[in-house]
Structure formats: structure tokens, C-alpha cells
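Below is one structure, written out as C-alpha cells; comments come after it.
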Amino acid sequence: MMAGVTPALPLEQTIELLAVFCAALSGGLSGVRKNFDLFGVLVLSWATGLGGGMLRDVLIGVTPPVGIADWRLMVAALGAGVLISFAHPRLGRMRRVVIVLDAGALALFVLVGTTKALDLGVGMLAAVVVGLLTGIGGGVLRDVLTGEVPLILQDRQLYAIPALLGAVATAGVWYADALGAAAQVVIVALVFGFRLLSLRLGWTAPGPRSGTMGG
Amino acid sequence: MMAGVTPALPLEQTIELLAVFCAALSGGLSGVRKNFDLFGVLVLSWATGLGGGMLRDVLIGVTPPVGIADWRLMVAALGAGVLISFAHPRLGRMRRVVIVLDAGALALFVLVGTTKALDLGVGMLAAVVVGLLTGIGGGVLRDVLTGEVPLILQDRQLYAIPALLGAVATAGVWYADALGAAAQVVIVALVFGFRLLSLRLGWTAPGPRSGTMGG
Amino acid sequence: MMAGVTPALPLEQTIELLAVFCAALSGGLSGVRKNFDLFGVLVLSWATGLGGGMLRDVLIGVTPPVGIADWRLMVAALGAGVLISFAHPRLGRMRRVVIVLDAGALALFVLVGTTKALDLGVGMLAAVVVGLLTGIGGGVLRDVLTGEVPLILQDRQLYAIPALLGAVATAGVWYADALGAAAQVVIVALVFGFRLLSLRLGWTAPGPRSGTMGG
């Protein structure tokens, strides 16, 4: 499924396109559920798919952000919106697929965001935060624009922990100068697996009253 | 009506001031309808009038944004807020005037935003997106701050299409090195006319289920 | 109370840490009241404590913003979140303390934000606006993320006026080259006192219909 999006591209860019595509799918579905018109769905797909990367680029001083300057990312985001607009009754039943793809988008965005920040020399702490924000930014924007409280703030599923671990792991391996293709695949797989496993097994973050930390 | 705001200024700056003023009027009216206090109305007028231009400037790396650095734009935005605060019972009946002015603001912001981005050399795609965001940014900020789902996402009136056409036309004429005063007036008139005509004739964007594109 | 956070630091940095801490407390409390999980509370504390400073830095072109690059500010924001998560039943009764600290955060953020902008040479108008936005940005972000209309827009207490006066005073004294420790303490005390006095005495901003300006 979804094989060979852009086979001639390097691994990282292929995965980034897939990440944008998956995030944009979740944005488009939100718009469809809110009964937005076609252009509302497209705007929301665009904002969800590219919002995290735009936030990242503005924070690290890369202007214009790739989200508004790269044709391929734009096509991936808007293509997801068009697909959702026409195919959503079927995709609505494929909710599980979207959750899986969304976890993949989180994993990849965290890797790409942290790496890009480190490459620009912003320091480890800032890079980890930027990686986190790249991973969660699009979803927060999606929820704010649809009048919802951001999912990451209110659902008790583990979302921030795998993202944080992924960002820290990326930074550690980057400083060890060992962030090759193999390490990247391992990091993405770990974040992705942790996130899906926590959903599967019903792991939850503690509420503020419970007094025990889950991390 | 509203003639001669700053007669000594060049055409473009005069229209930009008018655009900020119109957008700020719509922001102030939103605040009045939400029963905000005087300062809430002023903050909302400011954010709506200058939000699109600030978003544009942050995205293309112009800091500080003109929205916080130019006295005239600030006076236009806050003046609209004060006017709304004191005159709104009458302006409330003049809703049609506001819609007309809002369409003018959209047309002008798209022209100014696209041109400014191109002048900074950000590339055609980025310039078109920046132009669009300049046109719609203030209204989105207004709606998010008042707890509403952004109008552009949910109403089915044609809003994004004339804006997109205006941005593409601006970029095309700019690349042809023909963006003189006449071309600018034509582009603004086309966007403005398209938007008002779509309202007048009840043209709507298709919903996600309808399966036909309106563009 | 809360004495000696970082005794070896200069006055200004100590107060900035305290400002971040107080703002983050208000963010954390909002999260607890919305029944967010532990990580939601931490994210909200972080965003409220550091959002104003991040907005300031993005607007004046300082990237990465200190809010994601400075360990001490991060610890202050997240420490407040952890404290709220475990101690909030008691802090809930200490609402008055939070209001007092919040007024202090406003006063300090306005001083720090205006000064930082002036030091970067952005001009007086932009510096005053940046100072204001630094003071109110975190609270606006907190309210948008929790699905509330920003408090500053809708409550009729005087919030913007003391902040504006503080920013103007800071800029005036800065231009007179007299912004030493004494002047800074006086400005913070004035904003802080004005804000608390207006709460104490029930001063309110006029509604849009009342037709009289309170400033």
C-alpha cells in the first residue's frame, strides 16, 4: 500500500514525504468530520501536514520554511486532502490505517526535525525541543483550527514519551557521529513501535492527581 | 467613502493602509459581538488587521514585521477598533459595507503579500503561498482568538479561489516584469470582483462528498 | 516564599526565571482544571511559561528562541508544571498567590521583552509592541490551547493598560540611557502595583458600548 511514492529519492526524503502525507490525511479527515467544504479540507490537510515543519523552520531561522517552498511536500499534503475528500467513506473505515500512519509520521517528523536543528548548530536542548514540536505541531494546529482542544493535551495515551525518547536518541547518536541510515531506521522503528504498543496495550499517562510518573 | 486616507502616499501604501483598516473593522466587529471590553476590541482589531502581514514577514524572514514597526499601519488598525467601539450600532447595520471592504482587504493583501515575497527572492511557489496566507491570516487569527472555527474553513463561499488566482496572477505578471500600477489595479479588481460576484450569485465550494471540484 | 531560586544569578535573570515560573504555574493550573494528563499539564506549563518569550524572539529575529535553548528557563517552566501536578489541591486554594505571581510575571515580561527588543535596535514602536506581546503571549497561548477565549480579551479587568504603561516607561528610560537596576525595579513595581490595585479596587475597562475611555 502506498508503495513507491517517489522511488528515485533518498530514503530520508521519501520518508518525509510519507510523513507529510500521513499527517495531512489525519488533517483532511478532521475537516471532513467537521463538514468543511473541499477547500477547507485542503487547507486543513496542508496545515496539518506542513505545520510542524513550518514551526520548526521558523524557530531555527530557516526562511522561507520548506513547507511553503518545496513542491513535493506541497503535493504530498494537498494530494492527501484530495484523496480524503473523494475517498473518505472508505478511509473512514480504515481508521486503524490512519492511526498507524500517524504514528509513523510522528516518528519520522521527530527524527527529521531533531536532525535538521542539530545540523544548523542550535544546541542539543533546542534540537530536542524542536524535534518534539516538529512531531506534534501539525496535530496541534489541526485541532486549534477545528476548535478542538489538542489531542496531545487531553488524551491519556502515550504520545509525548516516545517522541521525547526519539528526539533524545537522535541527538545522542548525532553527537556520536553515527546517524547513518541504519540508526535512523532503528530510531523511527522504536518511536513507531513504542507508540503503537502503548495504544495496543492501553498504556496511559497518569492524570495530575495520580501522583506517579509513567516515564 | 473613506476617501483620501493619506493622499500623499503612493498608491500601493494607500491601499495597504485601507486593507489593514478594513480587516481591522471586521476584527473589531467580532470583538463587539463577543461583548469584549474596549481593550479586547482593540487587541482583536490589531491582530486581525496586522496578523496576515506579520505571518508573512515571519515566514519570509523580515523581522521585526511591519505590523509592529510601522506607525501608520498601527494607527489604521487601532483607529478601526476605536471606530467600531463607538460607532458599531450603525456599522452593525452596515454589514454589507464591511463585506465589501473585507473583499477589498483580501484582494489587496494577496497582491501586497505575493509581491513582497517575490521581491525578497523566495521563489514562485513560496510567494503564492505567502500571498494566500497574507490574505487569510488575519481572519484566521480573529476567529481562533474568539473561539470560532475559522470562517474560511467552514463557510462554503468562494474565498480561497479568488485569492489563489490573484496570487498566481501577481506572480505571473511579476515574472514578466510587468507589475506596474495598471496591472496591480487589474489584479485587485479581479480578485475583489470575483469574491463579491460569488457572494452575490451564491456560488459555493463543493463539500467533500460531492465529488466535483469548483475550481 | 520561593526565595533563592538561583542566588548566584544577576537580578534580571533571577526575575525572568521567576516570571517564567509564575506564568507556567497558571498554565499548569489551567491544564489541571481541564483534567489533562501529566504530560498535557507539562506541555501547557511549558507553552504558557515560555510562549511569550518565544513569540518575542521570533518577531525580533532571534533564533532559536531562548524558550527552547535555555536549560534554566525550561527547568523553571517544567518544574512549575510538576509542582502543580502534585500539589494542586493546595495551590488551588492559593489562587490569590497565583494572581499575585501572574501580575509579577506580566510586569517582568514587559520589562524584559521591551528591553531585549530595544537592545536589538528594532525601534521604539516595535519594542513597545514586542514588550506587550511578551507579557500577554503566554496567557493567550494557554487559553487558545485549552479552548478558551483569551482572558485578556474578555475579562474587564485592567490588564493591557499597566502593561502598555510599563512598556512605554521602559522604552522612555532606555532612550534616556537610565535603565539601571533601580529604574527596572521601579517599573516592575509600578506595573505590578497598578495591576493588583485595579483588581483590588475593581477598576474595569469600559465595554464597547459605554463610550468612555478608561485610559
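Descriptive notes on the structure:
We just call them A, B and C in the order they show up, numbering each chain from 1.
FYI, a contact is a pair of C-beta atoms (placed from the backbone, for glycine too) under 8 Å apart; a residue touches a chain by one contact, two chains touch by 3 or more.
The structure displayed is predicted, hence computed values, not measured ones.
Chain A and chain C touch with mostly distinct residues; of the residue numbers seen at this interface, under half occur in both copies. Fitting chain B to chain C on CA positions gives a rotation angle of 120°, reported to the nearest 5. Centre-to-centre separation between chain A and chain C, using Cα means, comes to 30 Å.
Shared contact sites, meaning residues of chain B that touch two or more other chains, fall at 58, 61, 144, 147. Against chain B, in their complex, chain A makes its touches with residues 31-32, 34-44, 54, 58, 61, 63-65, 68-71, 74, 84-86, 88, 144-147. On the chain A side of its complex with chain C, the touching residues are 58-61, 117, 122-123, 125-126, 129-130, 133, 140, 144, 147-150, 152-156, 159-161, 204-211, 213-214.
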